[in-house]
Structures are given as C-alpha cells and as structure tokens.
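Below are two complexes that have chain A in common, paired first with chain B and then with chain C.
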Partner chain A sequence: MSSSTNTVCKSHNARSSWLAALVGALCLVAASDAQVGELRVPSRVVAGTSISIPTTGSGTGTFYLVGPSAATRRDVDLGQQISVPSEDLRSAGRYVGILCADTCGSVEFFVMPAKPVSLTFLVHPSRAPVGQNDVISGVALPFDEFRNQVVAPVTVNFQLTAGSSSPMSHSVSSQNGIAWFRANSGKSAGALQVVASLRDASARRIVQQVASDPCNLRIKGQRTAKGIMVETEPVRDCAGNPVPDGTVVTFTAKGGKEASTVDAPIKQGIARAHMTAAGPVSISAASGVVMGNELHLGAQ
Partner chain B sequence: MTTRSGALHGRLAEAIALGVFALVSLYSVGADTPQVVLNASKAGPRAIESLTERSILRDYRFAWVNLAQALESSSTAPLNGLFAGTANDWLTGLVNKQQHSGLSSRYLNQSHKLEAVFYAPEGDVVELHDTAEYDLQILDRGKTIHSERAIVHYVVLMTPAADRWVIRQLQAVPEF
Partner chain C sequence: MKIALPIIIVAMTILLLFAGLTEAGRSIGTVGIASGSALPGLTDSGATPEQALGSFLSDVQRRNWGPAFSRVEKTNDAMNEQGFIQEWIGSNGGLRSFSNLETYEMRPLHATDSEAQMRVRLHWATPVGPVDDVRDFHLVHRDKWKVVWDEGPAPNLPSQVISVNYLRWDLVTGTAGEEWGSRNVDAPHVRITSMNAVDTAEGTVVMGEVVNEDTIPAFVNVNATLVDASGSAIDEESSFDKILHVLLPKQVSPYRVDFPHVGLSKVKNVRMDVKATLVPASSDPVIGAMNQKLETDAQGRAVLHGDLLNQSGRTVNIPHVIASFYDNSGKVVWVSDGYVESALLPQASEPFAVEIPKSLAGKVQNFHVVVNQYSLQKS
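Entry: the complex of A and B
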C-alpha cells in the first residue's frame, strides 16, 4: 500500500524570491530541531473506516485532523499510534493530518467513496407523447452510504417497461460518476416504468405516455333551430390512442365574406361547438398542426 | 531651500504611501476574489448555453467566496444559499466542528480551472471538474499550524435553483 509522508514547514506565504529564501532557511533550521517524526498514512482510505497513524519520537504532541468531515484537535503521546475513528472519515475528499510538538509536520491523504448503495435518478419528462424519438432521458448518479458520489466506473442497468410488453434493458457504464440514457417513447399511451439498478440499489420512476397529435380529424354537423351544431368523431392519434381531454380543436365557419372561429376542448374524446350562420357555410376543424375534413351546409 | 526640500520629501513619502496603499488594495482584491475560468466546450450530451455558462461561473465564484469566509470565521452566516443538499450539510457540519475545536481555515489566492464534463439532456444537472489552486492555512485559535500552496481536484455537481446555480456536491479526488 502506498502512503503519504509529511512535509514540514512549507513556505507558501513568501511573495517574493528573497522572502521565500529567508523563510526556507528558517524552515531548514526549524526542521533540524523537529521532534515530530515522519507521519505515514495510507494514501487512499475508504470512507467510514478507521485508521491508525504511527508516530515516532518521545514526549507529547498535538494531533490535528482537518478534512470534509473533520476539524479535530487532541493531545497525543509521540511514539504511540494515533487512532482516527471512522466517523471522522465519512466524507470523501482531501484530509490533512498535522502533528505538532516543537515543530509541526503534516501529511495529506484522500478518503475515497465506499461501495455504492443508492442511486439518485432523474427522469424527464413526466409526460411524453407516444412515437417520439429520444424524448425520454434518464440520469443516474451512484452514491455510497455517506452520500459520497461514487466516481469510479460502475455499471448501471436501465429497464423500461410499458404495460404488458416485454421490458427493454440497457446497461451503461458510468463516467465521472454519472450514467445516462435516452430512449424513444412507445406506441401505446399509458404508464412507462423506468428503473435504474446497481447491485442491490434501484430507483423507479414513472413516465406517463400520452397520445400524440390527432390524426384523421373528422367532423360532422347539422343545423338546429339556434344555428349549427358541429362535433368531431372520437379524436385519436395515428397509433389509435385517444387524444387527452382538454386538447383544443378549432372550428372555423366561412360563409360569403364572413368567417367565425370557435375553440372547443375535447371532452370524453369528442370536441363540440355551436356556431351561428344563416347562409351557406363551409366548416373546417384543426387541432395543433392537423387539419380535418371540410363540411358544407346549405342555407337555413 | 530647506523648506522646498522638505516639501519634496513630504510629497515623495505621500506618493510612496499611496503606491503602497494601491498595491495592498490590489493584492487584497486579488486575494479575496477567486479567479475562475470555465471551459464548457467538452460538455455533453447537451451543450451549455452562453447565458448558463456565465451563471455557473458567477455562482461558483461566489460559492467559493462564501466557503472561504465561512471557514475563516467559523460561521455559517456568510453562506448565502449557494450550497444545497449534501454540500450544504458537509459545509455547515465542518463549520460547527471548527467552532467546537477552535480551528479555522483560510483559503487565499484562489484560482479555479473548471471544465464541464457533463450537462444533462434536460439541463437539470451539470458536472464540473475543478483544478483548484490556493494557499491553505490552518489555524488553531489564531495560530498558524499548517500552510501550503495546495492544488486540489474537485468533482462538482451543480443544479439550477430559482435564480442561481447551487453546489450539491463538492468532492476532492486525487486525480480526474
């Protein structure tokens, strides 16, 4: 196992070369009198594990540990082991151990994330129209039990299941602690279950697949005592999925030089509108970018 | 003659004092404001828009200003909501531990070279690699016990909030 060793009296504050030389010379003098021996720490420690740091020399000193989850100070006997408890080493990152007696010596080491036990999983969108390319995306980030991001490559399995159809699986190796995918939406409206899994950890999200734009919009109508009642046939997308209620259908009536327009939301699959026109009239319907058939009615 | 020479010396001393003051002021500004550059050219799968790039740069710089102030004063007061989730828990926990132990840390003369390595398809998370360089001083009740010029590699996760980008993860690694 490789280990980090101490650096005594680094001259970081020197702003000019002559000052650096002076500080360096002073440090050499101090180092020659140092009672603090060399500190040895494993260069990489797994998060949540305790470590022991052997010391040399005699007498007492003060040990400091500064890192993402530690800012501790305690008296120690030189020549004895310094035990660092696991709770001081839970957060992954860079730590500095400092041992001071007559002089101070320090050592840096890294705490690495433990094994992944949970996934943060972001899936978009929450509602997706059917039959669209690359409309669904998911991003998974593995974390260990101390909420450290696991940046070492791991394989994340993405599984997409819609209704009773067979699941679609896709394995992705994480890069820089992130695994992601893009997928097409299915052909049928309904819930799409998206699961990201990694060993024992998994996260589940639901994407509601909804009908796409209406297809073959057809209307019918008749004159009544108060005008014209016009309505669509059940509105479906090109895959036969009913278009959601609330989708707006625009009816346009043209008679001579006059034109009138009515917006009507779909209710239970059908959009209805009441229009007024006494003379011969042509009525058309549109929803989004889709045009329907044209209806011709004679004078009242 | 003596009077004229005295006045000349006085002006010279004044000019030197002003020059020193200007240099000290310049140095202080440099020391307090981290230098941050961002390379977003390798971000994917989504490209980072220029406005987003500027926001990330601005908020990351402010976050480090806040971090440095919080760890120097051992107070959570300087934190202005630029850390969230795990990063916020970590930072407030560290400040509390410093208060308890009497330790404090100074991050001086910071420079950060950021590289965006991932930007989510829907733009809801960005991962950055920061090669940070700063003077780190660790103090025990005001007495410096450790100082170094540190070069530290950070893996950073940022997410968009209502009006800013916040740091959710700030994790030092030995190398990228």
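Entry: the complex of A and C
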C-alpha cells in the first residue's frame, strides 16, 4: 500500500497544484548553489516508526515535512541521511517531504496505521426486548496506539454471554476499518454481556434484555369494606419473564354510566388497586396496548 | 367667579365619583349580570341581594376577611372565621393558595323578599392561567341581606402511618470515562398510538394518545407541525401542559396540541414528532379517578366529573386531570384537561370536572382519565 512519488523543480511533475505551488515558491527563495537529487523513502512506512531519507550533493539545505496533523522544517546537510523521527510520523495518512537547496525536490509517501491495540465498540440498543430478531447490533473499530483507525482487514471476535448460558462467539473480518454484527435477543431477561476482542485489545458492553409486553394479563378482585380490591396475577411476558416492577397497569371499573380508573404500578410482580363502586361492576385491566381479562362483580 | 369655578368643578367631580361607584355594578356587561371589582372602602351595604353579594365578594377579593365573614349567615356551628378564610385562600400548597380573585360576574337565579339565589362566575388568576369557577350563592334577608355559608370546616386528617414501598428510577452516570460508546443509554421508546385533527371555532386541534413502550420512565413531549398543500409549514406547536409528561413504563397519556386561528381547511398534512428523554421518576403517588360520569351541568355544559382519590401517603399539591374521549369506533374525538384547586391529601379525595364541547358530547362513548401531579416537596 505504501507508495511514494518524486517531484523536482525542473521536472514539473507535481501531482497536485498546491504542492506544485509550494515547491515553486520554495525554488524561488532557495539561495544555495547546491543541487537536490531525487528523494527516496522506504516503500512501507508504519506510523510511529522513524525513517531515513538519503540525499545527494553537498552543502546545506532545508527539509520540510508536511503531514496530516503537523508540518516541520529543519536544516540538513546534503549528502547525508535525513532522519525523520518516529514522533513526526505518528499520524497515518499522506505526507510530503520537500528538500530545498539550489533547487527543490519533493517526495510523497503514505504512512500506514500500526498494528491494532485498541477497539472502539458501539452496541445498540442499551435495552432490548427479549425474543426479537436482529435487534442487537455492534460496531467495532480497531485503532493503533496512535489512535489511527486500522483500515487493513483484521479479525474481530464478538462474544455474547447472557447469564449463565454458554457464550456465543462470532468472528468478523473488518472492512475498511469496521467490523460489525447483528444478533437476536435471547429468551430470558437480564444483562447480555457483549465483548469485542482483537488480539490483546477488548471492549465490553452490556445490553439489558428486558421483558416484552405482558402476556395473558389476568386480574382477580373482591369487595372489601372500603370498596373493591383488585389485583393482577403475576405479570409475565409470553416467554415467561416477569414484567419489570414499575410497569403501569390501568384498571377500569365500569358500572352503569360511571367509571373508575387507576393507573397502578407493578410491585413485586403484581399490580394492585383500590377502587370504589357500590353497584355491579365490570373491571378490566390493560398495560400499554395489551388488554387483560374482564372481571364482573355483583353489587355490594 | 374666581372661587365659584373651582367649587363647581370639585362638586361635579364628587357627584360623578359617587354616581360612578354606586352604579358600577349595573353599568357593565349583559343586562342582569353584575360584574365586580369594587374599590376599597366604597362597597354597598346590602340593601339588595346583588349589593350584599357584591360587597361580600369585594371583601373576599380584597381579603378583608372580618367584614366578609360578618356578611355571612352560618348554618354550621363548627364553621369559624379561620375555616372560612381557608376556604377562600386554600391550604396545603393547593392551586388556590397561589390564586387571586380577579373579577366576578353575578347573575340572579331567583329572588323573593326573604331569600335569593345568585350564580357567580369567579375569575381566578392562577399560575397555570385563568381559571373560572361557577358557584351558586344562597342569600337570606335578616336585618339586611346575608350570604348563607353552609360549607363545613375542612375535615381534619387523622395522624396515621402509611407504609409506602413505591418504586423509583434513578439515573447513574457511568464511570467508564470518556470512551466512546461506553456511556450510551438509549432514550425511552415512546410511540404515538393515535392522532386526530379536528377543526374548532378556535382553530385546529390535533389530539391523540401516546404510550411509553419501554421499561423505564420517559419525559415526553409531542410536537405537531401543520403543513399546507405546497409542503410549507403553517405552524408548529407543542402539547405544553395537555399531556402527562412523565410516563411510566407502558403508561398511556392523551395529548392535545392547539393551533389557534389556523383553519383545518388550509392543512394538507400534519407532521407529528414525539420527543422522549430518560428521567428519574417515582411511581408514587398513585391517584385513582373514581366515579367518573359524563353529565350536563346546571349551565348546560357537557362535563365529565368524578373524584380523585390519593391512594398514597404524600400530599399532591396541584392535581391535574387530563381526559381523552372516544367515539364508538375507539377514535379519540376530544382531549380536555382541568386543574383541581384544592390539594389532594393522603388517602383523601377531591372532586374534579373537565368540560367537553357540547357538540361532541353525543359522540362520546368512552373516556379515559389520567392524573398529572405537581408536588412542592421533592419526589
């Protein structure tokens, strides 16, 4: 992937107009009588490694290095190696090295990301109802130690573990620096641990698998001295998971032209409400868009 | 002449002032309706029922409790001046505690030599906007006309211990640092289950219901944008206070978005947008809406009334009732709301009433009431 191109003032083979303008300007201000030969860089440059660029001729010159995140300038002796320290090559991307003496020459080269050492991992959603297809998705982006995104294909291993069940693994090769997966939610409510790992790097996220809509919502009730005490049976979803406490169950009691309603939260699996109605009533329950059974109670 | 002109001017001024003050009640509004907001110290004595009630309400308006109470004919010996004052200024941080009687309109219902019945529309200025209260007063003639006050003192709440094991949701900020993707908690899933746009005399009204489908509480707001035939937005409004903002898991709330002065005929499309944010919340207090009944009140208005019952141990300072009304196909045909002026004490009940347009009353087959609550103490 690494490549380099050379530009010398007199050859006018600059690939881009801004580079041609820069080289031209530098040629105009060059005061030395030294000649700059062709610059050569190693065929593969990895982020965070130093390189040496051999030069020809004699005398002194000025070396410019323009990279994605910084530009440097220094005086160099022609005929010696120009040593570019690793700190100047931490960012992956396109670099231009320009050496000016009597004339100017330049070289373009690309710095590749180093080996991946960390993963950025995004999992969506943070809560997922149980028993849903393709509801969980995860995206992992490998980065090297200098936070360059590693675009070369690497294999990321995704591991999903819910409760005490055996982990489910899935290896994915990244494309253009991204590895991703989709998965169904499990049958049981609880925390789903999702780990993305790549060599020594790993990132962990938690998806809370929550009960789905209530299923077979059933109520029972009886008259008391103060009115009617009505309560649900333990509220569960269709997979048998208890619906979380705090979920609202709306009780409606209808008798004649009168109605009474109470929005009661589930506590310890059961929603209870106290209602007032003297005559015969029909009591129903609903939670969200789910309806329960109807209960008929005679007059007090 | 030098002295005569000032004397004439002063005399005329006094005469006009006197005439203006004595005739004020009869000079404003519809014939037969007296309006009030009398000047301090210049109220009528009570030669007629109108004058007596006007003086009484003027004193109440100015919070001259002594003179006001002296114009009262008590029917309940337990009633004292303190209870009378509390009846007017509210207590326990209820809406009435923050309200002022702005104006009133009196209308005689019937009168004889010894007694009279007056209907008064009291206009209150409150933090939630103007609130009108219609009240019938009975007056009797003793040595002068007096207002019969048959309200008993507020029942004393007995000391009691109420065990509460309510649920609440708190938000915990993760400690995973600034790593991207490590602190994400999704916003609650909230869905608009129904929407209906209707044309009214005041403009277009968009209403319906919204449900929190998630397992966590949500702070919800519904916005609507009216779009014309060319695709341009005509107006954008939010549900403001006509929605139960904090929705617990699986809770359903009506919403209503008003577009004053925008006719539905101009509207080609309505764009709905529901915004939900994760918030800390408590499932306490539980408030039941009991004995709801759709009736026509004494003024001929269609009103849904009932009683709110606070089933928990915490005072609800300002209860707010929001009701959705359905036709026989289950479509929401109207949403209306109303604030209850008295605080809702623990294990106690308070009446409520919300009005619906008379034209819609015949269509209504069913209704659903939710109760919003504002409490001074932190939940």
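Points to keep in mind about this one:
In this text, the second predicted complex is superposed on the first by the 266 of 300 C-alpha atoms of A that agree within 3 Å, B and C clash if a C-alpha of one lies under 4 Å from a C-alpha of the other, contacts with A are read in each partner's own complex, and residues count from 1 in each chain.
Here is the rule we go by: a contact is a pair of C-beta atoms (placed from the backbone, for glycine too) under 8 Å apart; a residue touches a chain by one contact, two chains touch by 3 or more.
Quick caveat: nothing in here was measured; it's all calculated off a predicted structure.
Using the contact criterion defined above for the overlaid structures, shared-chain residue A:K257 touches chain C, although it does not reach chain B. By the document's definition of touching, of the two partners only chain B reaches A:N148; chain C does not. Contacts of A:V289 after superposition: chain C is touched, whereas chain B is not reached. In the superposed model, A:H124 makes contact with both chain B and chain C. Residue contacts after overlaying the shared chain place A:M275 against chain C, while chain B stays out of touching range. Common to the chain B-facing and chain C-facing surfaces of chain A are residues 122, 124-125.
Taken together, the chain C residues at the contact with chain A in this complex read 165-167, 169, 179-182, 184-186, 193, 211-217, 248-252, 283, 286-294, 306-307, 309, 311, 367-371. Of all residues in chain A, those touching chain B in their complex are 7, 10, 12-13, 43-44, 62, 64, 66, 68-73, 91-94, 96, 98, 100, 104, 106, 110, 113, 122, 124-125, 137, 139, 141, 147-149, 151, 175-178, 180, 182. Within the complex, the chain A residues that touch chain C are 120-127, 203, 205, 210-211, 213-214, 244-250, 252, 257-265, 267, 273-277, 287-290.
Within the complex, the chain B residues that touch chain A are 45, 86, 89-90, 93-94, 97-98, 100-103, 105, 117-118, 120-122, 124-125, 127, 129, 135-138, 140, 145-150, 152, 155, 157, 169, 171-174, 176.
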